[in-house]
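Report on the following structure.
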Amino acid sequence: MRRRFRKRAEGYLYILPAYTLLALVTGYPVIRIVGMSLSSFSFQTDHTRWAGLSEFSAVLASRSFWSSASITIEFTVFSLILHAVIAWVLALLMYGSREARWVTNLFRGLWILPWLFSTAAAALMWGLLYNPFGVLNYTLVNTGMLQEPIDFLGRSGTALGALVNVNVWRTYPIYFVLLLGAMQSVPDSLLEAARIEGASYFKELRYVVVPFVWPAVLTMTLLDFITTFGHFDLVKMMTGGGPQGSTQTLAFYIYREAFLSANFSYSAAVSVLMFAFLSIFSVAYLKAYTRSNVI
Amino acid sequence: MIRQFRLASILRTFTMLILTAVLLFPVLWMISTSLKPIMGIFSVPPHLIPQHFSLSGYRTILNDSRWLHYFYNSYFIACSVTLLCLVVGTLAAYGFSRMKIGARGPLLYATLVMQMFPGVVLIVPYFELAKTLHLFNTYGVLIMADTSFVLPFTIWMLKSYLDNVPTEIESAAMIDGCSRLQAVTRVVVPLMAPSFVAVGTWAFLGAWNEYMFAVTLTTGWQRAPATVGLGEFFGEFGINWNSVMATGTLSSIPLMIIFIFLQRYLVRGMTVGAVK
Amino acid sequence: MSMHRSYFTAGTPADSVHWGKGMKRILAFAFVGVFCLIGTFAVFAGGQTEASASSSGISAHKKTHLVWVEWWRNEWGGGVMSKLVKGFEAQHPDIAVDVIDHNWWDTHNTEIAMAEAGSEQDVLGMEGIWMSTLDKMGILQDLGPWLDREGSAYKDRFVRPALVKYRGQIKAIYIYVFPFAVAYNPPMLKAAGLTPATSLPELMSQLHALTDPKKNVFGASLALSSDSAYQAMMTFGLFLAQYGGKFENSDGTAAFNSPAGVSALKYMKDLVDQKVIVPDPLGQSATQTREYFAANETPYTFDGPFITTITKQANPDLVPAFTPPMRTTVGGYMVSGSGLSMSAKSQHKQEAWDFIKYMMSDQVASMMVKVTGLPWGLKSMSTDPFIESSPVLRQAPAMIANPHSILFPVISNADKVQTAFINNIQAAMQGQKSVSQALDDAAAAWNSLAK
């Protein structure tokens, strides 16, 4: 009896340090933020009082909240699409490559490079490129694609796209590597079988590789969606919410309400809503795909 | 047939070269600008290779004592986070991989979920936490914040790696008289070395590049990491782009060094855990 | 890859052969060790670091630490900052000044964050537009009683705009007060054979003459991006003052949607429509407009005297100048300043007040005028030799004293009012609203938020 208990307990002991730590650094703040969203702090009285759902109704009634939400969705969807396109193009180029090992390694290495730069460094690099007097505008004007230089970060039409571009540039390597890894772990037996049956490169791709990597792709997409949805860094650094609020993602909205306007409870309510949305989305997404037995 | 094949291969290589040039252009431009004198930054027409080389950008930055602090802070925080997460994460990964844990499924699922957590949801409570515990503007609070998203990943990746390491070796060692602990330290940990490098690098980079928590929880160069310093350039009064680019280049050099030597491990680390 | 294959066996949880005492001990140690690690970081690196970050050496008696949050280091340079601090510390050997510096934007965020976190800050760099949020948080100390304690002669040293009132109390002292006017690049005008414009219409025709898109030269630039609301409002205010308008009535309601305001905004729109400014003004920040000026890409610019600080760094050969007195219909200017406030929660108010007095002392004033190119907030500036000799500062005292000059008002909900303002300006520039409609909408926002 004691022996069995010891055996079970032993495993828990191993994971105890890690999960205690996680409870402290993740669990506790999550509980706190739910608490904060349900209360309201007044500077005059220096007192926190229970506010129920009043902060939430204020959030849902706010136009800037909804516009931030739609901007965030726009930002995320465009990033996802570009991630997918670039990752697939690069992975396919590399996958069937018959070059020498060192050549593919070199290319793969170079293609991963953007990921190593911090968002801050990427923001600086692209900030320089986007400058109206910079090289990008110069090329566009000289080749006749533009009449006059555009300050990409400055007009509401282009600012969000400019940010998407920087974000995609910095983060596509993750998806490229994951996709390539998935492709390369297609069992040789399956590929052999396809080749024996006379499949061409494209058929092999379509009927063997793609179905095999599909579950990994779906998981990656979910991961991508969630991490991009919470994007903050570039907005803070490059546009500060952007021309007429056109780049104000939810994450920046949360930051701004808390740290620029000192509306902490309001900001907490937005955070909770965001978290709720992402959780529901993930659950629904996973349910949809596990039901069809893909993942 | 062979001719077609060769053509396709050449075309492919050519495309890869073009893509590489396009993708890496911003980096090259950054380095190039860092070596230009101020008046040459927006020259018409622009030059990739500077017409006149100048180190004034670097000189300005290196004369600014704050940057030494920024870099030191980044290193300290990133190293601490990496160390902490590797130690604690290995234990947890070993537990999940080798031990009977009843709540294994749900816990792992929760870990996966935590890995995907958008950090922005936590900045306000972290702020309050820092205020209550008097940890505002300290290394400790940033280490905690970074751990919140680095640790789940670490556990997950190490566990995946461990799953692929056969248990026979440690069983053999224990039969030979080692306690489990000795088996772990003498046999398993050395076997895991490549994954430590991969996961450790990823953890280090994750902590190094973190911006959001750093910018909300620190007040100045005493504790702020380099990302905050870099971010400040955007709001500055008059930008000297060459010093800005010099800073960008300098802050990226350690990463590029890591990258050159540890590229293999990085990729392996990324792929081992993700492909189920 | 092949290495993976050979290791590809599903890991099975092994039964423990025996649960040695060693294991128990090690796990306990690991557990304790982890907590010690965290604890060490928290405690060792913990606590408010301002006091521990002091650069002064270990002294025999404990020093009082004064925390100064500001943004001027990037503008004045590290050398000037340390000179100022050392000067003060020499006069007050018991006080050590801990400087926390950021760029202009982040200073405000930091002050709010520190106020919220209960972090000690004593002297705060202050802009009029920041005051309402900080006041809401109870951070701004009423300086009236402190001034009164110094005697009426002391209060009289300051120019009127330097004593900044918010809701009836003096909550900040502007260390420098400057006019926002039209500045130009003398060599470029000379090369074009022009003398500086003395009215807005004359300026417009000169801008046409000076603009040449093919050479990347434009007459001027406007900062109308969303985060340049302040600069945009100042520029608008300049035109407004030239046309004889003002921002608010004595009861605080908006007065800028008058005919003078319409003329002012229309002038701005003409600058955009007639393409005599750097393209895409809605994308430009104040930083960029200053860059363009410093890089000899725009011969004219709308700014305050700190244009000299920027150009000094970027282009030491350029000595900008303000145009001679401009008179469109009347000829006023936009006036503003930046300064210092004291934290109402400070534990060292006397020391903080000493520091503010030091910064406003005559010796610091005459030194800083030379360094910063900005008129200090004292009446003595009108006879300062450096100001009289400087082409860009010579007119400043008169501009400030000009009866038609408008002081940038301190308003509540500054952030939201500015947003409303910049949104309306942008809408008018893009043709989405008529000029008068834009001003009326901004006035409506002002009336509901700013008072």
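We call the chains A, B and C, going by the order they appear; numbering starts again at 1 in every chain.
We adopt the following convention: a residue touches a chain if its C-beta (ideal position, glycine included) is under 8 Å from a C-beta of that chain, and two chains touch if they have at least 3 such contacts.
These numbers were taken from a predicted model, which means no experiment stands behind them.
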### Query
With chains as vertices joined when they touch, what's the shape: line, ring, star, complete or other?
complete
### Comparison of B-C and A-B by number of C-beta pairs in contact, larger one
A-B
#### Entry: Greatest separation from subunit B - chain, by CA centre
C
### Query
For subunit A and subunit C, what's the span in angstrom between their mean Cα positions?
34
### Query
Between subunit B and subunit C, what's the gap in Å when you average each chain's C-alpha atoms?
34
### Summary
Cα centroid separation, subunit A vs subunit B, in Å, comes to 16
### Query
What are the residues of subunit C that contact at least two other chains?
4, 13, 16, 19, 23, 27, 30, 34, 38, 105, 113, 116, 216, 295
### Task
Please list all residues of subunit A that touch 2 or more other chains.
7, 10-11, 13-14, 17, 21, 131, 133, 184-185, 259, 264
### Query
Could you say which residues in subunit B touch two or more other chains, in rising order?
42, 44, 84, 88, 91, 99-100, 127, 144, 215-216, 233-234
### Message
Going by the contact rule set out above, which residues of subunit B touch subunit C in the complex?
### Response
38-39, 42, 44, 64-65, 80, 84, 87-88, 91, 97-100, 127, 130-131, 133-141, 143-144, 162-167, 170-171, 174-175, 179-182, 215-216, 219-223, 232-240, 272
## Note on the structure
subunit A partner, complex, touching residues on subunit C are 1, 4, 13, 15-16, 19, 23, 27, 30-31, 34, 38, 105, 108-109, 112-113, 116, 133, 136-138, 213, 216, 225-227, 278-285, 288, 292, 295, 297, 415, 419, 422-423, 426
### Query
Once bound in the complex, which stretches of subunit B touch subunit A?
9, 12-13, 15-16, 19-20, 23-24, 26-27, 29-30, 33, 42, 44-46, 84, 88-89, 91-92, 94-96, 99-102, 107, 113-114, 116-129, 144-145, 147-148, 151-152, 155, 205, 208-209, 211-212, 215-216, 226-228, 230-231, 233-234, 241, 244-245, 247-248, 251-252, 255-256, 258-260, 263-264, 266-267, 270-271, 274-276
### subunit B contact footprint on subunit A (complex, rising order)
7-8, 10-15, 17-19, 21-22, 24-26, 28-30, 32-33, 36, 89-90, 93-94, 96-99, 103, 105, 107-114, 116-129, 131, 133-135, 138, 142, 169, 174, 177-178, 180-182, 184-185, 215-216, 219-220, 222-223, 226-227, 229-230, 232-233, 236-238, 250-251, 254-255, 258-259, 264, 267-268, 271-272, 274-275, 278-279, 282
### Complex contacts: residues of subunit C adjacent to subunit B
4, 7-14, 16-20, 22-23, 26-27, 30, 34, 37-38, 41-43, 45-50, 53, 69, 74-75, 78, 100-106, 110, 113-114, 116-119, 216, 287, 290-291, 294-295, 306, 309-310, 313-315
